[in-house]
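As written, the chain order gives the labels A, B and C, with residue 1 at the start of each chain.
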Amino acid sequence: MGETIERKKRIDRGVKVRSDSIYAVSSIQELAFLAAPRLGLIFGLLLLPILVPGLYWQRVVCLFGIYALLAVALDFMASYTGLNCLGMAFFVGTGGYFSGMLNAAFNVPLMVSIPVATLLGALFCTLAFLPTLPLRGVYFAVISFMYPLMSERIIAATGAFGGTEGIAGLSILPNIWFSQYLIVVVLLFCIFALRRLVNEDIGLVFRGLKDNDQTIRASGMNITYYKAIVVFITALMGCFAGAYLSHLYGWVGLSLLAMDFSIFPLAAMIIGGPGTIAGPVIGAIILVPVSELMRVFSGLRILFYSIVIIFFILFWSEGLLNWARKKYEQFEFLVKV
Amino acid sequence: MSENSALLQITDLMVFYENALAIKNLSLKCSQGLISGAFGSNSAGKTTLMLAISGIIAYYQKQEKMKGGERITWHGEISFDGDQIINLEPSKRAKLGIILCPERRRIFAESSTLENLKIGGYQATKKQSKKTMHYVFNIFPELDRLKNRGGGFLSGGEQQMLAIGRALMAQPRLLLLDEPLLGLAPLVEKRLAKAVKEINEELGLTMLISEQYAKPIVPVVDYCYVLENGGIIFEGTKDDFKKNPDVMDAYFGGM
Amino acid sequence: MEKHDIFLKVSGVSKSFGGIQAVSDISFQMRKGEILGIIGPNGSGKTTLANLISGFLKKDSGEVLFDGKNISKWSAHKVAAAGLARTFQVMRPFHSLPAYKNLIPTLYSPRARQSPEGKLGDRDAVAIDLLEEVGFERDAYVPYKLAGSLPLGYLKRLELARCLAMYPNLIICDEVFSGLSMAEIVSMIPLIERLQMDGMTLIMIEHRLKELFQVADRILVLNFGRKIAEGVPGEVMVEPQVRKAYLGEEWEE
């Protein structure tokens, strides 16, 4: 009794409070506070191709772009709408095979085959997932995980679409600069578009699907329909990633259905910060170079991703972006109780 | 009114949810063998108080910390039978005999009545378990009849009886009942109030009961506290309680 | 309001769960603009009945006719789209969003968008107006407060506003009074009365008899899943089986 007890108090920074209102537009300081993270992201990504040393790392930028796109798509699907998808590889494989087939069998130029494969692939994936949509949480995750595995087995067994050899000799993207900027621009577009979408009216309906589907149903809306739209949007991104990848290397094969494409986005999302759309990009930018450097231990990469996922879930489940945002927007100090 | 010693003594308790003060300089005492009541409206801090005494608030603190949510902190003193327990883990407090019967019952819906009771007796000896279970079926014959019924199929009143029974199985020295009468019909409220009094008299069990609507439970309570905005605005025996018109208005209401 | 046609007709509705008969052969009718109170002890099947009528649970048997349509086999969203709204006892608002944003999904629904009010466009503004109608003080910026920080009384009103956002013809209110303080309940009563004056038909499932009797036109009493009485509040409360089931004898202290 009588000793001063202290506690850590955390409140918003002054600049954050001021920039939350409409008056932010009248002050340079507040505008800078708001714009800095966004501009940092945009310029950071746009400058990335120029800053990396050499062709090898430029190819890594392309890979980073793909994984980041998948992670962003997964964040939208899982964190915002509650559809925990462990089968992103299915989207990648679909997009890749569609584009590969159009290009190889029908000689469609890649500038056409990529967008067409994206669209058709997304439709196909949505239809494929349709029966699974009533499933919740864990069951949906398990079934979605199985889809790419099943597809892999079917293609290998029937020898269709090139079987285990794959289809080689596809058109390759013109040059490395085009490749990098294509994926970076698409990535930036998707990040900002999704962030905008989740705050739109329909975005709130999607977010309601997560924990509150009884309200959506009680409002007269068919949740399967809205879930299908979410899958379609996610599939557009996933299939694009697959189509892009097939023309990056000029071939498509079973490796486009690899578990890597399902697990890596999950790890990137968890490290970077689920529920932020932009967070997974941070996760990807850390994981991609690290996993490149770990190329020697090829098989152990999945083990590495798993350990990282477990560590972050146990000790840092808010993720890096959420943690950084708190530091940016708030500050702590000791105060007497 | 004999001077019973304080089994539980809370001094200047403060609980923060980030910067919001849920409990403000609260001091409260539960005398040995008596039933104490904590009454207040929805956000008065009753549940936070129960969580703080039982220690379960530490679990929420950890949960929030892990997901980067609100920072929950508490300060002050809680002494149980002479020992300072404010920094003691909830499991150790349960071993000391501080048992919480949580708000909204929280019985195990997939388990049967019998299984729920057995789970409650986790830290009791076989002999204690058997004796208490026999006692529970005595006080609540309905539970005997519903022995094998799944917890989720019990009505609200039956679930509350089961929750109390389960708490008794843990061999409590201080039983905390958080809004036991919530959502129950008048007939069931009376039944439970009567049962609570019987348990107190037959086992000499010290209890702290929190309620929003005081009328059905005041007849069995020996000492009352009224909470508002995290602090105590009134305390006294049930006669003092009845004599105070403002308090009566707020917490007895019509009916 | 002198419409005498039957607006809602429930006939022989039953439901059992794993051998336990939760609801047994319930039948009743309602006219447009009526307020029907459904009361009964815990476990009497009230919420199950609400779920059965609104399509959230499949009936074992029985029929429900609403506004001239047979909605017996309709799924929940179809029933809602036909104009039958309901509140939920366990509410799950968007905790980290302002209160008014919680109405946006409902205002986005096809039914809301087709209604004359819905066509006006700005859903945010409509949401705030709806909240004001149910008692969120606009001047105190209550509609903008985060849903997670709202006390229970406001959350219950938010649920009602959510139902109103669908421009329904009938609302099933599942225990909107429960958990509220005396003062909060007293302030909800004028809202219910106003809804009735505007022509809304209401089913109110409640525990708080006194307050319910102030607003209900008729009462239905359930016990162990069966209807044991039906009539105006006065007649129903003097029936011996109702007194026995619900109130019991007075316990002297």
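We take it that a residue touches a chain if its C-beta (ideal position, glycine included) is under 8 Å from a C-beta of that chain, and two chains touch if they have at least 3 such contacts.
Everything numeric in this text was worked out from a predicted model, so none of it was measured.
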Number of hops, chain A to chain B, where each hop joins two touching chains: 1
Chain at maximum distance from chain A, centres defined as averaged CA atoms: B
Identity of the most central chain, Cα criterion: C
By number of C-beta contact pairs, the top two chains: A-C
Distance from the mean Cα position of chain B to that of chain A, given in whole angstrom: 47
Centre distance in Å when chain B and chain C are each reduced to the mean of their C-alpha atoms: 31
Centroid spacing, where centroids are CA-atom means, of chain A and chain C in whole angstrom: 41
Per-residue overlap in chain B, given as positions that touch at least 2 other chains: none
Per-residue multi-chain contacts in chain A, two or more chains: none
Where chain C touches two or more other chains at once, by residue number: none
Residue numbers on chain B that touch chain C, as the complex places them: 41-43, 150, 153-158, 182-188, 190-191, 193-194, 212, 219, 250, 253-255
Contact set on chain C toward chain A in their complex: 54, 56, 75-78, 80-82, 85-86, 88, 92-94, 97, 101, 104-112, 123, 162-163, 165-166
Touch list for chain A against partner chain B, complex: 1, 5, 7-11, 314-315, 317-318, 322-323, 326, 337
Complex contact set, residues of chain A against chain C: 201-202, 204-205, 207-208, 211-212, 214-223
Touching residues on chain B, where the partner in the complex is chain A: 11-12, 14, 16, 18-19, 66-68, 71, 73, 75
